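Should a chain be cited, it is by its letter among A, B, C and D, assigned in written order, with residues numbered from 1 in that chain.
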Amino acid sequence: MDSRFRGVIPPVATALTADGKLDKESYARSINRMIDAGVHGLFVLGSSGEVAFSADERRREIIEAAVEIIDHRVPLMIGCIDTETNRVIEHARQAKELGADAIVATAPFYALGGQAEIERHFRLIHEAVDLPLFAYDIPVCVHTKLAGDMLVRLGLDGVLAGVKDSSNDDVSFRFLVDANEEAGHPLVLLTGQEVVVDGAYMAGADGSVPGLANVEASGYVRMWDAYQAGDWETVRKEQDVLAHLMRIVLVPEGVQGFGKGVGGFKTAMALLGVFDTNQMPDPVLPLKGENVKRVAQILREVGLNPVVSEEVVSESAQIRSL
Amino acid sequence: MDSRFRGVIPPVATALTADGKLDKESYARSINRMIDAGVHGLFVLGSSGEVAFSADERRREIIEAAVEIIDHRVPLMIGCIDTETNRVIEHARQAKELGADAIVATAPFYALGGQAEIERHFRLIHEAVDLPLFAYDIPVCVHTKLAGDMLVRLGLDGVLAGVKDSSNDDVSFRFLVDANEEAGHPLVLLTGQEVVVDGAYMAGADGSVPGLANVEASGYVRMWDAYQAGDWETVRKEQDVLAHLMRIVLVPEGVQGFGKGVGGFKTAMALLGVFDTNQMPDPVLPLKGENVKRVAQILREVGLNPVVSEEVVSESAQIRSL
Amino acid sequence: MDSRFRGVIPPVATALTADGKLDKESYARSINRMIDAGVHGLFVLGSSGEVAFSADERRREIIEAAVEIIDHRVPLMIGCIDTETNRVIEHARQAKELGADAIVATAPFYALGGQAEIERHFRLIHEAVDLPLFAYDIPVCVHTKLAGDMLVRLGLDGVLAGVKDSSNDDVSFRFLVDANEEAGHPLVLLTGQEVVVDGAYMAGADGSVPGLANVEASGYVRMWDAYQAGDWETVRKEQDVLAHLMRIVLVPEGVQGFGKGVGGFKTAMALLGVFDTNQMPDPVLPLKGENVKRVAQILREVGLNPVVSEEVVSESAQIRSL
Amino acid sequence: MDSRFRGVIPPVATALTADGKLDKESYARSINRMIDAGVHGLFVLGSSGEVAFSADERRREIIEAAVEIIDHRVPLMIGCIDTETNRVIEHARQAKELGADAIVATAPFYALGGQAEIERHFRLIHEAVDLPLFAYDIPVCVHTKLAGDMLVRLGLDGVLAGVKDSSNDDVSFRFLVDANEEAGHPLVLLTGQEVVVDGAYMAGADGSVPGLANVEASGYVRMWDAYQAGDWETVRKEQDVLAHLMRIVLVPEGVQGFGKGVGGFKTAMALLGVFDTNQMPDPVLPLKGENVKRVAQILREVGLNPVVSEEVVSESAQIRSL
C-alpha cells in the first residue's frame, strides 16, 4: 500500500469570481486553510471540484494554481475524469506533466458497457501514464458500480494504487475492505462520505475524502487523529458535529443535485470569508436570499459563525441576465 | 422512546419442511437458540421471514408458533406487510389478537404514490390498531424511501414508535438519527443491516435487526454489549467476523435476490443443524451442490463448523419436478 | 391463439361510495356503458382496477358484481395479482369458481428473484388452475421486466395464453411480436397503453387494454374497427383525440402516481355522470378543487362535456378527517 | 419549423482502422451509400457515432471528413455532446467553423441538476452559437429526461429548432407531439428509434434518426416515402423487416451496452463490405467468433447477404494484447 495517500484528503472546491473565472486568491486561501488544519493530501478536480464543468483550459489553470499553492506540502491527487479511455489518458498526461502525485479516474460514462471494459479502461490508463492510479467509484455520476473483485485484482496486479469510494454503499465498502485485507491490503481505501466517516474507519478505511472539509477541515483531522489513537468516543463526537453541519447541503430549497450540494459548500465558504463569492459554473446558479440564510443558520448551530453577512454573500455572484 | 425494543432483534427465518409446510420443530430450535444467545426481541414475518411468500393462513400459523415458542421471554414484533392500508390493518388486527407486542409496516407498494399518502397510511394503521407501530424503510422491496422529516413528525405525534431502517442508505440514517435526537428521541431507530451495524451504533442506533443473526446471534449480542459498555474495539472485531460470515449470501452462483440471500441463511442453518432443510418458498428453489459447499466453506472460515454434511443439506429439500 | 381475447378489453375502474364501499350501481353503469360501446372483453382487478388496494373480501365482491353485471356478454379476465405464487393461486381458484374466463398474473414482487423463478411461478399457477393464463408485464409496479424469450417459450408450452404488456417499452414489445410471429403466434399480445395503441397495432398487437376506455370506450372501439379494416388514417385520428384526452392524468397538480392516474380517470367519470363519486381507496385521496377543473377542461377540449358540475364532483367523496 | 431537417437522418457510425485510427475510406463508402439510398440528412458524432469516445482532435477529424465527403449533398447535423455548457459551446463553435448545418446537444451529465439548469444550458448554447440547435433527449446516457413543456417553450422562444428523441418513451413522445402541434409546431421532432419508427410516424414525427440505417438505409427511406404518401401498409411492412434486422444488436452474447449495439452495427457493416473492420474504440472490444456468425445469420434472414466471410470480419480488427 502506498502510505502517502492515507488520512484526510479533501476534494478541493474551485473558487470562481463573479464573472466565472478562476479566483486564485480565494483558491489559495482555502487550500492554505486546509493544509494549516492538518489535512494529509488534497484532491483537485474531483466531482465537487467541478471537473465535469471544466473545459481543458480551465483544468490546466486549476492544476497549475493548485501545484503552485500547495508547493509539495502535501501529496496532490488530480481527477482525470472524462467519458472514455483516451480522453482520460490525455488528462492524465497533462496532470503528470504539471506535477500530480497521483491520478484519479472513474469508469467510462455516457456510453455504458460491462465490467470487462471498465477493467480494460483502468489497465490502459495505467499502461499509458506512470503515476499511482486511484479508481473513483461514483455510480451517482457514472451509473456503474465498480465490482469489488475487479478492484482487488487490479490492486494485486499493480494497476490500481487505491479506491476512492463515493458509492454511498457502505455494505459493499465493508465487503471491499474485507477482500482487500484478505489479499494483503494492496489498495488504499478512501471513503468519499462526509457523515459516515466514523463507520468507514470502523470498517478499516485508510482515509477519507470529505467535500465538507472545504468548510471545516479541522474536525476531520481531529477525527482521523482519534481514529489513529483508538479513541472512538472522540471519533464519534466529531462525526456528530460534522453530520449536523452537513445539513448545509440539505437546507437549500428549490434547487437540486450539484447546485444544492456544492452550492451549499461554496455558500458556507463565502459566509466564512474563505471564498469571495459563492459563484457556480454554468449552467448552475449560485444560492441566494433565503437559501443563504438557511446555510448561515446551520453554520451558527455548530459554532461556525459567519464573518460575511448573508446579504453580501447573496449578492457576491453577479448573475448574468440569462 | 419505548425501551422494550432496544438491542438485537433478529428477523426470524421461517423453517420449511421438504414439502413446503411450516416446520415447527426446526422453527422452535432456531428461536430458542437465538433467545439462549441473548437477543433482546424477535421480529417475525419480516422480509427475510418470507412475509411476501406467506398467504393469510400461513401467516397465522407462523405467528401462533412464534407466540407459543417465545412464550413472553422476549418482546415479539410482527411484520404486517402488504400492498395497501386495509390489508395491513387486517394483518395488524390478527397480529394483535394472536399476541404481538408491536407491529411493523412498510409504505404501500405495487401502486405508488407520494409521501403524503404514505403518511396517511401510517396514521390510518395507528388509528385502527392500538399497538406500537414501527415503520419499515425498505426501498429495495417497496421502491419508495421514507422521508426522514415525516418519520420524526409521526414519532412526535405518537403514531410511530420506531423505524426499522433497511434502506442501505447510511447517510440518510445518520441524518435521521440527528433529527430524532433534536426532536427529543421519540423514535426507536433500528438498523436492518448485517455488516455495518458498528457504524449504525456509532451514529447512535437503538438496536439492530440482522438477518444473519439466524445463523450466528451471539456475535451480535456481544457487539451490542460492547456498544453499551463503550468498548468500540470489541464492537469492531465482532463486526469484522460477522462481515466475513455474511459472504454466505454472496457466494451462491446462478441465483439472485431472495433465493441468494435468504437461501444462503437457510443453507447455513441446515449445515449447522438448526433447520432440518434449506427449503425455500415457491417459486424459489433451495441452494444445492456447489452452492452448498461454498456456504459451508465460509462457515468454516469463521470457525462455525457444519455438523451436517453438504450432501445431506443439498438433498434435504425434496424438490418437486416443476 | 385463443381468439376470444382479441380487441379492446378495458381494465375496469372500481366505483366506490363516499365512505369507501363498492358502489355497485355506478359499477354497473360503467360496465354497461363500455359493453354498449362495443368492447370485446373486460379486465377486472387490474392495476387501475385497484387490485393492490383490495383485500380478499373486496376482491370477491368486485368479481361477483362484475360476473353478474356482464352476464356473459363479453369474456371476463380477472387479475390475480399478489406477491407470490401461492397467494396468486388462491386468488385464481376463487376467480375460476366465481366465473372468470381467464386469469392475469404478474411476476412475483416485493421479494425479487430472477427470470427462472418467474418462469416457475407461471408454470405453478398454470398447473394449479385450469384457465387461460395471461402474463401481465408491468415493471413500474413489480420492478421486473418479463423476458421475451421466456414468454414465447411459455406460450409454446401451453402455459401462457397471452401477455398484457404495460411495460411502456415499445421496442421490446416490437421484438416480442416478431418472436411470437416466428413461433407461430402462440400468444395473444395485448398492449396496456392508452396513447400509443396505434403503434402497437402497427406492430401487430392482438388488442389493447386501455384504462382510458373507462372514460371513453367508443374511440378505442372505432380505432380497433379501423385497424381490422386496414384504415390507418382513421386509426391515427382516433388515437390523436384519445392522446389529447389522456392529459386528464397529467394535469392534476400536487399528487403523484396512482392518485394522479386513476384519480384522473375517476374524476372524469364522475364529471360525465358515470360514477357517483371520484372516491379513491385508502390511503389515496380523491382529486378536488382546481384539479377537478383541470380534468373538466380537458374533457371539454375533446368534446366530452361534463354533465355534473366541478363543484359537485369535488365534494362527491366525503373525505374522512384523517 | 425548419423543413431542412425532415425525413431520414441517420446517425453516422464511425469507421476505424484495425489500429484505432479514423478509416476515411470506409467512412466515405458508408456515407455515400446512405446518400445514394436517399437519406435526407446525416447526423455525425451522435451516441452511435462514438462521440463519447472521441477526444477533441478525433472530433475535428471526423467532422472534417464528413464535411468533405458529404459536400452539401444533404444537411449535416453535428453532435456537440459533453458534460457541461462551456465544453458544449467549444464543440459547437468548432462545428460551425467546420461547416455544420445544425448542432445537437444533450442535457449536462455526470453532475446532475434540475430542469431549470437544463433550460439555461440550452439558452446559453443558443446565445453563443448561431446555428439551429437540436435537443437530444437520451436519458439512458445522461440520466435526465427532458421535460416536454420546457422543450416546447424553448421552441417557441426560438432557442431550439427541434428534438431528437432517443428516450425510448413513446408515451411521452406522443404527448410532446400533441403539445408541439398545439403550439403551432415550432419544433422538428425526430425519433431516434429503429424498430418503432412506424408508431412515431403515426404520432406525427417529422423524421427519424435510426442507427440501423448505417446497415440498411433504403428500407428507412422507403418507409418515409410511404409515410408521406399515406401508404401505411408499406410503412408497416418495411418496419417489420427492419425490426427483424435489428436483432443484430440482440444476438451478441457476453457483451453489453455500446459494445453490443454499435458492435452489432459495425460487424454487419463489415460483413456487407461497407467498413473494412468492425473495430471499436477503447476500451470496447470488437465482436468476434460466434458473435460475428450470429450477426451474419440475421443479415441472411432478411436477405442482406454478407459479401465478406465471418472469419475475415472476426480477424479484421487486430486487437491489442491488453
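Quick note on the criterion: a contact is a pair of C-beta atoms (placed from the backbone, for glycine too) under 8 Å apart; a residue touches a chain by one contact, two chains touch by 3 or more.
Every value quoted in this text rests on a predicted model; they were computed, and no experiment measured them.
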Between the pairs A-B and A-D, the one where more C-beta pairs touch: A-D
Chain copies touching (chain B, chain C) - same or different residues, decided at half shared: same
Between chain B and chain D, centroid-to-centroid distance (C-alpha), Å: 49
Between chain A and chain D, centroid-to-centroid distance (C-alpha), Å: 35
Set of chain C residues in contact with two or more other chains: none
Complex contacts: residues of chain A adjacent to chain D: 47, 50, 52-56, 58, 81, 83-87, 90, 108-114, 116-118, 120-121, 123-124, 127, 141-143, 255-259, 281-285, 322
For the chain B and chain A complex, residues of the former touching the latter: 168-171, 174-175, 178, 193-196, 198-200, 202-204, 230, 232-233, 235-236, 239-240, 243-244, 246-247, 250
